[in-house]
Amino acid sequence: MHMKEFKIKWGMVIDIDKCTGCGACMVACQVENNIAPMTKKDPYNYVQALTKDRDDADNKLRTLTWMNVYELSNGKSFPEHEVAYLPRPCMQCGNPACVPVCPVVATDKNEEGGIVSQIYPRCIGCRYCMAACPYHARYFNWWDPLWPEGMDKQLSPAVSPRPRGVVEKCNFCHTRYAKAKDQARENGEDPMNLAEGAYVPACAEICPSGAITFGDLNNPEHKVHELAKSPHAFRLLEKLGLHPQVYYMSKREWVRKQGDNYNAGDKH
Amino acid sequence: MDSKLFPEGVQRCSFGKFLIWSCFILAFFLWGLYAAVLVLYNGIGTTGLDNYFGFGLWITFDLAVIALGAGAFFTGFLKYILKIKQLEKIINLTVIVGFICYSGAMLVLTLDIGQPGRAWFGYWHPNVHSMLTEVIFCITCYCTVLIIEYVPLILEQKQLNKVPFIHALAHNMHVNMALFAGLGTFLSTFHQGSLGGMYGVLIGRPYAFREGFFIWPWTFFLFVISAVGSGPVFTVLVCTFMEKLTGKKLVEYKVKALMGKIAGTMLTVYVFLKILDTWAWATGYLPSVGLTFDDMFYGVAYGKWMMFTEIVLCGVLPAIMLIVPSIRNKPALLYTAALLDCIGVTINRYVFTVQTIAFPAMPFDKWYVYYPNWVEWASSVMIVAYGFLVLSLSYRYLPVFPQERHLNYK
Amino acid sequence: MGFDRRTFIQLSVGGTVGILFTPVLWKALDDVSIWTQNWPWIPRLKYGALEDQPAVSKLCDSGCAVKVRKVAGSAFGTEGNEDSPLSKGGICPICANAVQVMRNPNRVKGPMKKVGEAFEPITWEDAKSMVADKLAAAKGKVAFISGDQTGTANEVFSGFLAGIGSEDYLQMPCDMQAASRAYNGVMGGTGQVAYDLENSDFVLLAGADAMESWGPTVANQKAFAATHPTGEKPTAIYMLASPVQTRTASVVDAWIPVPEEGMATFLLGVAYHLIRAGKYAGAADFGSFRSMIMDAYAPGKVEAAIGVKGADTAALAKQLLAASDPIVVPGGTSVATATAAFAVNMLLGSLRKVSEFPKVIQSAMSTSERMSKDLLTWVNKGAAPAVAMVYEANPAYSLPDDFKAGFVVSFATEWDETAAKADLVLPNAFTFERFDDMQNPYGIGKQTYSVGVPVCRPTLDVMASTDFILDVAASMGINLGFDSFAEVIAAKAEAVGADFDEASGGQYEGSYSSARASVLGASVLSRAAAPVRGNGAVVLAPYSQLIVGSQNVATTPNAPCVISTNVLKGGTLVAMMCSATAKKIGVSDESKIKLSGGNGEAAALVKINEGVLPGAVAVPLGLGHTVGDEFSKGVGDNVYKILTVRSEAATGATVWTGSTVNVAKM
Amino acid sequence: MEEKKSSGRCGGVLPFFIGFLICCILGWVVIPPLFYTKVEQPVRFSHKVHVEGQEMDCDSCHYFREDGSYAGFPSNAQCADCHAVDDADSVLDAIVEKVGSKDKIEDILKLPVDEMPEGLTELVQSSDEANVKAELEYLVKYALQGKEVPWLNYQYQPDNVYFSHKAHQDVTFEALAEKHVDLDGVVDHAVLAEGGDHNCNLCHMKGIETNDTPPAFERNILSGYSKITMKMWQCERCHAQMGQNNACYVCHK
């Protein structure tokens, strides 16, 4: 599998030592991307009323959490126990497992910037890409989106609402990228050379503890360029060779060790 | 009352009896239909699937029936291409079984995809790199081929066949059947393989990922061989089941034994390769991604016992039983071996579908256990019921078994 | 030849082929697939000019400075406000969902009065006269309960209360109150204690879950982020002493397991080493403080009392001494803990304060006056006012003990337990629909003032409670000096010296001054600092997460799928404990238990978490609402109701530290 | 047998072709129009009156915002520059007085102009009857009630499409010409031949800018799209030839 190379490679460096797991990023993500709150009842569907309720958030395997915060534990017992939080957006892999498997080219990695696209109107909902992604970054619309009455009065204009039966995932708030490019054009700047901060996804923007740094991994003027090379930086499941564009960093070795599998005895 | 429609010179149960039987099957079918309607109207949320288990019972069911339906193309291949005369006595049945399996699988698939209205995108916007595209192509094409192979059988129905045009048509189709058989073999081999390839290419899923030859991972070939190693004996089982049900002899035992022998040979090859593959995977690939063989299994649901049942109890054992003539020629043992064989291939499809995605690749993630809910079961049962109906009707009105007459009423 | 079967077949075959040669089928197929892309029941987007309007969101306890994101003039989300010292671009999880809360169908649609068991809508005019009459009849037996810690609204209400001759202005229990009573009461200081996290190089969080639920969480997190630049060496050390490894514990440089009820003892144990190292504080009672520490808080005694090793306190003291600008931050409602922490800060010479902003309504209470009265003591003394008014608070839910009143007026924006109990519900305009402000949110390091103006037009029949009270006051002939709250805010902004305009609000940043306390509170501490525990099987270690909600705000619409299964699982709350505790009480992971204590019981699932102090059970606050929308109602159980309230010796503060519960398997 | 066959041969062909023909006619002529319904614009807005009559420029209503986004349809606020409604409430009250109920405000339009309240008629600026009618409609239905006009977009694109006018503003006729772009089936030849300094006609309806009565919007009954909604292949063709990326996220959201 050859890897497409891009002049621009949008990426994140997430400092796990700074993430408090507060969840603001997950909420901001849902608001930005028009992810409806999970409601049990569907007042518009009478057939639904005949059968079991839709899922509410109790069913964590049915949620739409493009950005998902995992809790890590060092497994030691009191008082040596330590805990850490790991936010997991889509890794925007350089060599995505999901893209080549899609039978209808609903997902692709072909735009400058290296963001893996997901086109809802093309997706037929076979869920093969979900089976392919080891990060569980892909989510399926098990039910039609349904906002409590009045809450959909104004949705975010940035993202089209998805019908049930299609797969969706984090796309680094791609419309913000498009808008940043338009802004650059308006200002007479080069849309292909955005300054740091001109384009920032909702999660990185809102994070109160500044755990998420976002930028162009290929651009030396962007912080992530250097951060990604830090000795404390690592990527999830690097051994599988998916080459994520999302990096993590932690000074704690036990955290770094949980970024990949080392059971076969080889050293980190 | 419908005796005029029966095949030449055979007897069938009374219409009333047949009606009762049909209604009995129909009951199951309707139950499944209700489930199917729910799925199409409310969405797949009604099933037991979730974001961790995007594939489940349905896909397992599909893969299993497609594998077991392989009897059709392989027997066809042997009869029409390799001209093994013997097989014509059972070829009709293999075609019908194949047709049922494939059409059934396609019905399940339309339920399984979230947007059935876009099913045709697979043709209009194909991604040539995707194994699934290949599957979509081949399955749909091969299903058409099976219909073409099934049609002449229908045309040979006693009354229809009286119409000269139809008679001629049926005749001509028979003449050219070799062509379709060949085409079918080609298509079928490919998608059987592609189904295996689907899992083999999953670089993110250590349980399934395999190296391979050119663009085809090893699972590609393993799936083909395991299919031909089990398809024929499945037909044998179906045939035997019908004999028990109708109390008639439909196919002489030597044919069944022959089918057993064919399957046995393929199965032996398969088991040998499967063991090699598993070994290479466990000692070569897994360590290279920092994993051990033990990491791949968990609790009872995903325990090692399943793998050993698949490879030893339902692989090695039936293989031996089928290739050793003295065993193969004892009906009871042949059927046991056939049964084990089919169970084995089903388990194989199950673990590749479910265990593959159940394995938590991220160390801080955990195993989840997947339970299909009644909707998935019902809709699968619907397909089985559908198969029973088609088979019952075909048996009652079509000349499926050329030998039936002289085997029963000399 | 006639029209026989064959002709028919030919005809239809021809037809089929014919139709295939026309676009009809293909077009239909295409349109169907396009139809599936735009199903009529999937909402359409509305487009227009995008704009961000600065506003204050007072949903979370400390309040967030946000920008409301709008398209074509209608709001759809919030984002941080880089220009605000409180936000610096960040928001808390509650305020991140603020617009969805504003559009929540659970909002109170208009003024309602209780008739029998049900509510009936009434007009604002009737409501005003009704309230006026009730108040006139009450003859000063009126109480006002406020959950707003920072707003000038409090001046309007307390001024009004004074006008009708009552002093029962009660603040919901909060850390700010404990700190205020410790500093302004026990220690005889004036002003509000400030914690300059931004510039401290050593921060000891003594029970203050600073990055999750204590004080201005966003500002705290930003301060932490600034001192821990990504990819560089930290410029400050953060430590957390608490019974539970909270979210804060996951990022601090060290976590010291200390029981909540033992926090004062722990701090005095630290003070012991400081004094031994020759630290001195210029306070009248330093001598008695010193001798108290020396004989009652020697390492051995401390370890015996709370199980923290002398070596650890010594090491900690060493780091405090080594630091150039250390600070100790107390958490919880215990006045003793706050006093102890401030004493330590005085020894370290790092106790700071911000002075209050001038009042604009002269008859109103100052912040410290507001904080001086203890709500639960008042309740438990059997107070029964004729009229009680509740603003930005949900006492019926979040007070361990119920309060009684002849006639309850609730200014709730959303239906909650208190509103459901009230006789009159007068929906307050949502925080984006009204003028509001935040003065010196407790925990901030320097004087800070933020004003928010209405950025959204109300869609419901609501009214800013401040304006309502001003109208009522006018009708009762009480002159507060203003006709509308907009004027109050303008005056306040001017008094503060903030750059304010009616369109975009405004803000002011001042500085801190070093605090002067006359005493260290030795006499109080000697009686109040010792840990007190109930006699139940295990100690409760309640914790808060904003994503679950706050005292006042229930779980927001987008929050449920964010809440961890270590907090809530399958609708049941999760009780975390270490394996030792689980062993002791004979439970294991996933086992269903019932916790009984205080005035009630709570069902819970056991979750083994080695980050919980042995003998303690960590349970989340903020669940188990009985009134509200589907996201909070009937989800989990209300932990406030199993807390045991006691009156702290010497300080008289009502606290629930050391609450214990009995555990029964279910 | 023999005879049957022969008759089969000759008789077989005719009905086949009859069937073929009928369906071809149905499929090409009769059915296609049934896919669309005609919908009129909410208000009969006349570009002619505004452009020629009032000599307004395009960008007084259609312009780029500071953030680079494009203001396609004017909002009431913009219309108010000329069609100002200072005291909407009193006018509304006057109307209500006439029609008797708040819910029947729009009934005022049924009355002859001279019976309408003074406050309303004096707001009208145009003279000839048709325009007066249109203007009254706009005032009563939208301006006075503070509702935005739900204009129908002939080039309607669904929510899943992100189209940047900014990125296309420099696609001039010259640029297309020198790149020898073949836009067969994408852009009307006449438009290309004509050229001009505004490139709007490349995608937007030709001649709309001077049109007096806006043409009906032809809505697809199944998909809801406009009949002239540009399809993906059309965008892609131009992109490809102009050397622009055709990646999914260039246009989708």
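By written order: A, B, C and D. Residues from 1 in each chain.
Criterion: a contact is a pair of C-beta atoms (placed from the backbone, for glycine too) under 8 Å apart; a residue touches a chain by one contact, two chains touch by 3 or more.
Quantities reported herein were computed from a predicted structural model and do not represent experimental measurements.
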| item | value |
| --- | --- |
| Third chains touching both chain C and chain A | B, D |
| Centroid comparison with chain B (C-alpha atoms), farthest chain | C |
| Distance-to-centre winner among chains (Cα means, whole assembly as reference) | A |
| Chain pair, B-C or A-D, that carries the greater number of C-beta contacts | A-D |
| Gap in Å, rounded to a whole number, between the CA centres of chain D and chain C | 51 |
| Chain B and chain C, separation of their C-alpha mean positions in angstrom | 60 |
| Length of the line joining the C-alpha centres of chain A and chain D, rounded to whole Å | 38 |
| Multi-chain contact sites of chain B, meaning residues that touch two or more partners | 115, 118, 121, 165 |
| Residues of chain D touching at least two other chains | 8, 67, 69, 158-160 |
| Per-residue multi-chain contacts in chain C, two or more chains | 6, 32, 34-37, 45, 48, 50 |
| Chain B contact footprint on chain C (complex, rising order) | 6, 29, 32-33, 35-36 |
| Touching residues (chain side chain B, partner chain C) in the complex | 115, 117-118, 120-121, 165 |
| Chain C partner contacts - residues on chain A that touch it in the complex | 13, 15, 17-24, 26-28, 30-32, 35, 37-40, 44, 56-58, 60, 63-65, 69, 71, 73, 76-85, 120-121, 144-145, 147-157, 160-163, 202, 205-211, 213, 223, 226-227, 230, 232, 249 |
| Residues of chain D defined as touching chain A within the complex | 64, 66-69, 158-160, 162, 164, 166-167, 245, 247-250, 252-253 |
| Residues on chain D engaged by chain C in the complex (per definition of touch) | 7-8, 11-24, 26-28, 31-32, 35, 65, 67, 69, 71, 75, 148, 158-160, 220, 222-225 |
